[in-house]
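Below: a set of structures, written as structure tokens.
Here come two complexes built around chain A, the first alongside chain B, the second alongside chain C.
Let's turn to the complex of A and B:
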């Protein structure tokens, strides 16, 4: 890890600041800054490794995720089964490896959906203000007032369990922070003179929103995205744990955790390992979000 | 008749928590084709509100209480937003104060300055950028060919104001409103940009409504000057008339407060007091509490803008119209 960092550090030695004469590429800037930050590179590294494990599960996992071996049920961690086996004799490690794919995919899918909803509603509320803003803000407050997991429970019961429904339900429930932040940010950007000029040129509102306001909230969207993913992962794992999310034998981490809860006293490894992985993944995304926020906040720039 | 714009009895109010600000009251004036008019007055006299009302870009808490804004025969106040959008930037353009925050920091100059061409003339991106380069050359931006690929932060305040002037003049609007465009710039730049603006307006045969609190700039640039005080027009005259024989006590006071060569050894005369709150403007003439010639009638009745000479109008009880009232 250290040598990789060194290589990057030498490549990226040249400081990119917004004041420099060259044009600045936001993505390049973010990646450079992330790679120069200890927390950033660690969390990004962990996430990438977990994602790669998920993508190449077939080649990495020692066993298929649903291979039962009823002679080896509830075996503690050993050389053959590093994380032990579950009640049906399935290799926990293999299930976790396959589970990485599904868990991360669900996290991204939910966040993507919430981002689309939140960005659209936030931009509209912030830009137009008045009655439209009032209506959207009230909707936000109503959603804010209820515990999300309870509504999610109710909705999944109605819609039925399954990956698609989990994504759908959490997607339409987790957009609130997105919308709130984007709305506030839009309110600030709207007052900039360049928006006044855009109006004076005769641009229609939709173009002003896309060209002038959306572009200016992209940094906030990136941060929100990274911070919503752990929320989405934990919430979907919780739904799976309650039996309303991903259905067996699909190996989602929350579902594996749930499988192990009956045997918690005699075979804790079934639940502990997916729990640890969930923790690491969620924590990494959280830290990544924090680092991104610091990197993208001009007031934090140059501070340690 | 070559009247381009006629504003009649325009009144604008701002609704705020503490009440109603009567920012502009019964303002009437006209701009002819190719004419350069200055709107002068101190901060809060309603100059910018008039400018924004002409573009229909007033903030949400403002209401246009009454009046007509007739531009080329149509009343802008009756147009819907869609029609108004087709006029903005194409037929009426505006340059605001403070160029530093007026360009989107995330878009190149080329993208922003080609917007008018793309929006109104439906041009292709490539042609629009070429047009934008030509405009930037006209405002004498150095290295215009490359400037279009640079971001706003790489330009100084003066350059940004040039870029904005180029942007707003892109489609050769018939009326350019300039709302204190040079107030954030240093004096030498002001002069340079003023001459540039003058030339461009002449080239494009546009009319200019220039808003400023600087009488020097007004004298240099404009044909006619309209003096506003507390939301009303107090005097309207050609530059020479106003500077040689100001009629309204406020205009007289303003001119006396200017330093001149003859008054080198004297203290400058100042007007006592400060402008009234427009939440609760004084009854009668709004200037009467500060006026050295205030009479009884000034406290009771508002004076109308009357014509005392063909090109000279004043709103003051000191002058009687012997012939006719305007409008």
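Let's turn to the complex of A and C:
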């Protein structure tokens, strides 16, 4: 992270001595800043709790996610079933607890895929410029015009539903923000003298891109990552909501919500609670992303 | 650059986008498999399959096939539904008006609400009102719109007894889905409106206007509102694809008889020509509205034309 440190040093030189900044570690800096921020620590806390609930679902959930109890169908929330039961007598709370695992996993997996795609396209377009940039920029423009969820619906018809295909479909559709931001940043960074020197001494492009450009866009990537996750989670839940994503009996929050649609008028709890969890999760990631943006701002300014 | 020249330029630059986008829609159908098998059934002989392949042009390279398809599309031929055997273009034209009504109403609701919320927030900067509005905006920003639509439907049907999923398309029936779609969308505009307005209010010309002794209201309407509204309109046009995607799902929640419900039904029945036709129509409409939006913005703000 030498170049990140250097940039931080040039920005902050006036206030702090150069010596101390040589020891700045980006991740350590992020963690300490987040823990100092009230919004940051709250959102990070909520996300961690939901993730832990998902990971340890077996130990936390009062019932297995697929345990049917036909004597107790569509029961309203009570002490035995805090969030009520669904049409097959399954405990909604237990399904939501198991669902946390799948929902969060899908969100991360999609974001990971889009990040890789978007970062690669953005770096290539920004670094090489010219015709390559023109082609990639046109592709970005085309994908901007797409209603993502509509195209995703079309693709799931072709590929079939299921967790793997949801990740694949949304992974290749949501990359545009990554590519846009990384491309713009790369265009600025490549004008820096350290990139020009590296080119002059004949370093291969791939090395320059990884060592000098990629490491300098890491802060942007972190912010984009946090802000793409809620998009990925809500889009995949929307597919499951329409019955084209995660298939029953697998508990995913969008799928549970969908289970309740038929019984909305007589058993609204089946749909209400998973939606609240989706909202809380998305909200926490959005707040976290905003806080990260503020925290990382000194690293992300136009540098030159 | 003159306005006529600018319009021509934006039409020309949108051609590659149009071709690229339609090509991707074409690819969707291409990878969905050979329709010949579906048309002829299981017991077709190799000879029959080859002949139909040749008749439909499916033995040609993919690029040629694309242009053949594009030629048909331009003439209004989107193929036939596998279920009802009716022309896809007819099915779509029967359903497109309700979808446009829903999308346009939701679009207006989202802009009006977003601008109002953002404006009030900015004018009451750092007060309790600002905090309250900003919190509500943040919550709506993260709300899964299909869940919000479901909840709205439940509340209005059970508690307000004012919504029915069947019957004629009245204004009352239009408003609920429009709000379900428009309210979460407005959060984005409220966020941006607030920060734009705060920025504009700190500009020199506002201070000059105040120093000149102009009345607060006149300053607000003539300067601040006008200058912070333009980016919102530009953004709203950019967000149309997202709004249309939301409309498809909202329609299915409210059984609104537009192309969204048509598409979802077609998806369940694997009626691929209909799905593809709808995707194509939506993409083309979005690109057209993009061009129109571009021109409208350049009319309001001639500076855009200089870029």
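Rule of thumb we're sticking to: the second predicted complex is superposed on the first by the 276 of 304 C-alpha atoms of A that agree within 3 Å, B and C clash if a C-alpha of one lies under 4 Å from a C-alpha of the other, contacts with A are read in each partner's own complex, and residues count from 1 in each chain.
Keep this in mind: a residue touches a chain if its C-beta (ideal position, glycine included) is under 8 Å from a C-beta of that chain, and two chains touch if they have at least 3 such contacts.
Predicted model, so just to flag it, every value in this text is computed and none were measured.
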So, after the overlay on chain A, do chain B and chain C clash or fit? They fit
One more residue to check, A:268. First (chain B), second (chain C), both or neither?
second
Tell me the contact category for A:201 with respect to chain B and chain C: first, second, both or neither. first
Could you say whether A:187 touches chain B, chain C, both of them, or neither, answering first, second, both or neither? neither
Contact-wise, after the overlay, does A:31 reach chain B, chain C, both or neither (first, second, both, neither)?
neither
Next on the checklist: Output check: A:88 vs chain B and chain C. Expected answer is one of first, second, both, neither. What do you get?
Outcome noted: neither
Winner on chain A touched-residue count between chain B and chain C: chain C
| Does the superposition put A:55 against chain B (first), chain C (second), both, or neither? | neither
Next item on the list: Would you sort A:150 into first (chain B), second (chain C), both or neither based on which partner it touches?
Entry: second
Overlaying both structures gives a minimum C-alpha distance between chain B and chain C, in Å, of 13
Per the touch rule, the chain B residues reaching chain A in their complex are 55, 57, 60, 85-90, 93-94, 96, 98, 101-108, 112, 115-116, 119-120, 149-151, 153-154, 164, 167-168
The residues of chain C that touch chain A in their complex are 16-17, 20-21, 24-25, 28, 31-32, 138-139, 141-148, 150-151, 153-154, 157-158, 238, 241-242, 244-246, 248-249, 252-253, 263-264, 267-268, 270, 272, 275-276, 278-279, 282-283, 286-287, 290
The answer for chain A against chain B in the complex is residues 18-19, 21, 23-24, 129-130, 192-194, 196-204, 207, 211-212, 215-216
The residues of chain A that touch chain C in their complex are 138-139, 141-142, 144-151, 153-158, 230, 234, 237-238, 241-244, 254, 257, 261, 264-265, 268, 271-272, 274-275, 278-279, 282-283, 285-287
